Amino acid sequence: MKKMLLTGVLLALSGAGAVKVGVLLPLSGSGSVSGQAARNGYLLALDEINRAGGVLGKPLDLAFADDGSSPAKAVPEFVKLVTVDKVDFMAGGVSSATSIAISGPAKQYNTFMAWIGAAAVPVEDAFADHKYFFHYHPWSYYNFEAILDYFKYLKRSKGARNIAIAYEDGPFGSAGIDATVAAFKKAGFNVVMSEKFKTGSGNFGPLVSKAKAARPDILYWVGYDTDALPLATEIKQQNLQLGLIYGTPPSWPVGFEKNKLADNIAGLSLWLPSSPQAESRKFVAAYKQKFGNMTEEYFAPLAYVNLKTLAAAINRAGSTDKDKVAAELAKTNTPTPFGPLTFSKSLKTQYQGFKSGNWLHFQFLGDSRVPVYPVKFAQKPMVWNK
Amino acid sequence: MTAVSFQPSVASQQEVVLRADGLSKRFGGLLAVQNVTFTQYSGEILAVIGPNGAGKTTLLNLLSGVYRPTAGRLHLLGRDVTGESMEARCHAGLGRAFQIVRPFPEMTVHENVTVGALFGKAGVSLPEARERAYDLLERTGLAAHAEKAAHELTLLQDKRLEVARALATQPRVLLLDEVMAGLRPAEAQEAVQLVRSVQGSGVSVLFIEHIMPVVRDLADRVVVMDQGQVLAEGTYREVTANPQVVAAYLGTEEGLHA
Amino acid sequence: MSRAMETSRTVTRRPDFTARALVPLGLFFGLALVFPFLPLGTRAEYLLQIAFFTLVAAILALSWDILARSGQVSLAHAAFYGLGAYGFALLGKVMPWFAAMPLAALIAGLVSLILGAVTLRLSGMYFAIATLAFTEVVRTIIQNLPESVAGGANGLLVPALLGGNARAQYFLAFGVLLFTALVSLAIRRSRLHHAFAAIRQGEETARVLGVSVVRYKLAAFFISSFLAALGGVLFAGKTFFINPLETFSLANSIAPLTTSIFGGLYTTLGPMLGATVLRVAEELLHNSVKNGYLVVYGLVLMLTILWLPRGLMGLLRRGKHGGEL
Amino acid sequence: MELFFQTLLNGLLQSGLYALVASGLALAVGVVGIVNFAHGEFLMIGAFLAWGASAYLGVDPLLSLPLVAVAVFAVGALTYRVSIRHVLLAPELNQMLLTFGLGILLQNLALMLLGGNTRTVTTPYQGSSLSLGDLSVGGPKMIAFGLAVVILAGLYAVLYRTNLGRQMRAVAQNRRGSQLIGIDVDRVYLIAFGVSCGLAAVAGVLVATLLFASPTVGLVFALKAFAIIVMAGLGNLTGVLWASVVLGVSEALVQTYVPGGGGWSDAVFFLLIFATLVFRSFRGAR
Amino acid sequence: MTASRMQGQELVIEHLAAGYGKVQVLWDVGLHARPGEFVAVIGANGAGKTTTLRAVSGVVKPTGGRILLGGQDITRSAPSQIVGLGLGHVPEGRELFPLMTVRENLELGAAMRAEARAMQAQTLDHVYTLFPRLQERASQLAGTLSGGEQQMVAVGRALMGRPSVLVVDEPSLGLSPLMTQTVFGALKAVNAEGVTVLLIEQNVGLSLRLADRAYVLENGQVVNEGTGAALLADPKVREAYLAL
């Protein structure tokens, strides 16, 4: 009798029966800015889910692990979540390299993965034959599709013809650069310059001089946050005349919007705090209430959506059976801060969430990021400097 | 100890082990060694003396191959080794012990000597080299210290090690650079005995020395250097009787008639 | 020689190598061998992954140490590690792994001979900077090769080693570390050990004693980079993906150096112990400290230099000189 | 032609910053005989202090510069006392590794305290520029270059005109000779190392104004500074100036005229270093 | 010196023992120089002459015995303090600053003592009077000078600190007889102005004729002592040098 009681208590304490989701994020290392933002998104979602009754009648349980932005750390941490913490589902994932590194164990354990980041094409290859891989973030070719769409709009409305490309020489900037140039040309643009630079070196003098000689309408810049201010400064200083500076760093420098040099620079985001959509406003309010401040990192709402939809699917499936949950998650059709979310095939994977249509183009206008395209979401008219 | 003192007439019939022909070495504007010529015969102990700055150590560096001469040739056992590396000269039969002892500090005494035995001559296996090193330690009175770290030795033991290690390369000619420096008189006498025993084993010795009694006791022949040049050559008595040599050592009176 | 006569004239001739010295090493490998079979409960598989990367870190540290034994403190280890990884990524597509692995290592070994030959006369700071510069040049070249050749800056997918079987991979890494340790021991028992040590402790003296410095320095380079490249193969085959920026990063050159110094330079067991302790410490720390947990690496390096010149091995074998493994 | 001159100008401006970072490094090598692998981290500290003063106190980086320099001088002097001093007689390897450890320590402390974010400083003159005919020069770059020139000139004035500077040069040229004429060598070491770190911090302030502050900002500049002092010959201060200009300008030329030059400029940079070292080692053969 | 005569101080060395690492060089050295006296120390190479001087300047830390400068114990003092108390050292090998001009070298000699700095201009004039050659070469780099000129700079640099005791290590080394004469003449002149001089010299004849008194050092011990003339006549001294 006593023994039974004890077992019962232990069971309750250990949370047996509660659904457990493992979250692997870069909380340290090069991807930590996005990782920390995502972590907040997950915590917010967890609060809401458990306040609404949890999953399968029990409070949902999250287990966080830090992949250190490095494959050698990611693999053991992933295995730990799956085998030690015995999580039922995996979520998270930001960097492509770590995601590829865990594709092996993921297949070995046949892990259910609801993945938010990792946009590089090799990730798609690595998970192409994985049955339970749900990818929320658009693949990099979708990103480019969105950019091309915007540039075509600029061609129509502003007469933009000449594009100069500045890309960092690492994997982030160089990914598919040849295809990018080809696509621009095919769309009727002149690629008047295509230059590599070393990220973090801050030495943009020669590059901008070269751009000046090429007389572009648009400077398309693919680099990191460290390059944003040096590039903007150099452009201003050398007085390079451009219709638009368009950049796609994974994150922007802290406080960049307050710098006058940031004015009119345009960029790409899946989401902005100022987004007018109802879901986004709800998210912003909840986030502010929980954390007392706001983030501009779209990984926060992305993580939030990720966990909310996963929890909803498990509840609909009525069990943690992977096939049933997968079937339910695949049927997701819900409004999110990014617009409606549904899953469909991508080039190589079964379940792709957001695609090119979800991207927003914004400009730094007067101390904040303001959506300017697609036109239906634009809050202010865009500024074209030619 | 058989007195192996060679008269020049006898020596000329001996095999020539080392011959320097007009060796010169220039460092920038300074001619440190100037047209030095001498011959050493088999079994002979040859001393090179001279006041500080006479160019003795530079000469030794030219002989062992640390420097390439600006002019002149060097023959070792009949072979021209002027352009050859230090290790090649070692293989050809030239050994050297340094003035400032340079044991390998992280090795044991025995390992230090093993290095010499192992690489000094081609085709020596490691077990053979280790055996030879032990033999040499016994011969040089270091047997009790074989497993000590080299940095634990006393200065005299260091010097013994330096000589033992050089001998381990099985040289025909051994260059000794002021090995007596820093030794007390009693210790220096022990070191003299050591060099004698080296000669007894058929090795020719060329040494630089400042301590005159040592030169007197050891050298068969003496080469006196001053200002980079050979000032005199001959037996110890001959050179010390040479007024030029005395002047070089004791100073002339020129300096005073001011 | 009166005073010398007082001491004994004969000496106990000790063998160079006693089996007893192998006991700690045997323990290490014995433990590593049974590790996957230990009843570690739910943590077993996770610990197996950690253990795999620890073995790789040990391979890199020990191979770095072999080069350091010849007095060449290199910052080019990342280059050879990376060449191994890249060699395997490319060769592994056209041949079985057991052929691609040694071939990739051989390529790295041959490239190291070039570096070794031109840096022969450099030492200390100059050698370190030259090897660092070499690594940067290799990285840039690989990064700027056409994407169809080596994947450019994007990197390459790497064929999975042993079908991604974690336990099999562990034993392969175990095998490579064992091989590395055996090479290290073989060096210890051969003339290479004496040549390396002599060159390190006095290059000119070594030459006077007949050591062919060029030959032995190059040998050290070849052996070290060959083994480092095997470590690179293991890493790449485990993580399926490499890119120039991460593979050739300075951190990959510094980690083996720190590990060896912490564990104990110029020994076989030291770098392996260093890798084990540091890796475990890192694992414990990075879950509690997050950002900047590598502070420990800096601290360990500084404290070791200031207070523990012979590393962990110095703690284990106080006051013993020479003859160490 | 305009592009060519603009390129030369770009390279020249960049080299001012390089010279500043490298001079500090050369001072430590020349006087103290220590190759400080943590030099970039002292630059990073300077950059963060300038950023902090600007972000929290609203002080312009150029105003906080003297204070930052003094603060980092103190940090450097302390570092010398507690660590560097104990390895002065140790093998070069130990010295190298000690400063290596220090670098890792400082960088990760910054990561721990401040996170990995990039911080930028906002100044009113950031976007200003100066036109010289068809050429244009950025205001901050001009200021940074001018400051670098002034500070280097100041450094030279101190070294050649003041008693302390003469002592530093004396110690650099002959340590024993310095002792024998009564120079307190340990004190000179402490000051020289502190000044070296202070110079790195000044460069850090300028880097914060021109570029950004982040825990890893020092690495890029430290690597180049190493390259420069190696090219100039360890401890050769005058050599540092021309080596900085040669490297800065050649880098700019590669970036402008080699297709995909941005990707190759670093390789060219390091290839130059590598070749210089190897060439010198073979020429130096006796 | 001309400007204000220098008061020579007494230098006393008692039972001095010193060495480098495991090499003990000095076993028991005892000697003294009265204020204004010119004392020479002779001995073969390796006898410990240079080490004795280095111990006096504080560059080598003695392992036993003591050293008094003007009555003050300087056995454990730092080199910079000893210079401050009035010691000037003309070291073996000159130890100049090769990349500085002659003038800078000389001025540095005065830089570390307040009283010397105050009189820098006069002392410099005086040094130029002693060695007119140095004035001609004032802006030449010291490293490009001939050996003799370098030796002049070394002596001049030590004088610039306005020492009360001047210790001089082998000034004739590598010099031509003419140069040697100039340098020794200067030393005698300085001594005549009241500065205590302790000279080490290999050129026995020269130094013994110059010195008021001399000591013979052998294997780190003083074995003989007397006036210069007496020692010069002593056959034992000859023997020590040439082991006749």
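Letters are used for the chains, namely A, B, C, D and E, taken in the order the chains are written, and counting of residues starts over at 1 for each.
We take it that a residue touches a chain if its C-beta (ideal position, glycine included) is under 8 Å from a C-beta of that chain, and two chains touch if they have at least 3 such contacts.
Quick caveat, the model's predicted, so the values are computed rather than measured.
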Neighbouring chains common to subunit A and subunit D, by label: C
Reference subunit B; chain at largest CA-centroid distance: A
Distance between the centres, which are taken as Cα means, of subunit B and subunit A, whole angstrom: 76
Subunit B and subunit E, separation of their C-alpha mean positions in angstrom: 33
Averaged-CA centre spacing for the pair subunit C and subunit A, given as whole angstrom: 38
Residue numbers of subunit D (touch at least two other chains): 111, 115-116, 260, 263, 266
In subunit B, residues with contacts to at least two other chains: 66
Touching two or more other chains - residues of subunit A: 28, 32, 169
Subunit D-facing residues of subunit E, complex: 57-59, 78-80, 82-84, 89, 91, 94-100, 104, 107-109, 111-113, 157-158, 161
Subunit C residues within the subunit B interface of the complex: 1-5, 7-11, 13-14, 16, 189-191, 194-195, 197-198, 201-202, 204-213, 266, 321-323
Contacting residues of subunit D [partner subunit C, same complex]: 35, 83, 86-87, 90, 92-94, 96-98, 100-113, 115-116, 215, 219, 223, 226-227, 230, 234, 260, 263-264, 266-267, 270-271, 273-274, 277-278, 281-282, 284-285
Subunit C - residues contacting subunit A, complex: 42-46, 48-50, 53, 56, 143, 147, 152-155, 157, 160, 164-166, 235, 238-241, 243, 245-246, 283, 286-287, 290-293
Subunit A - residues contacting subunit D, complex: 28-30, 32-33, 36, 169, 195-198, 200-203, 205-207, 209-210, 212-213, 224-226, 228-230, 233-234, 236-239, 253-256, 258-261
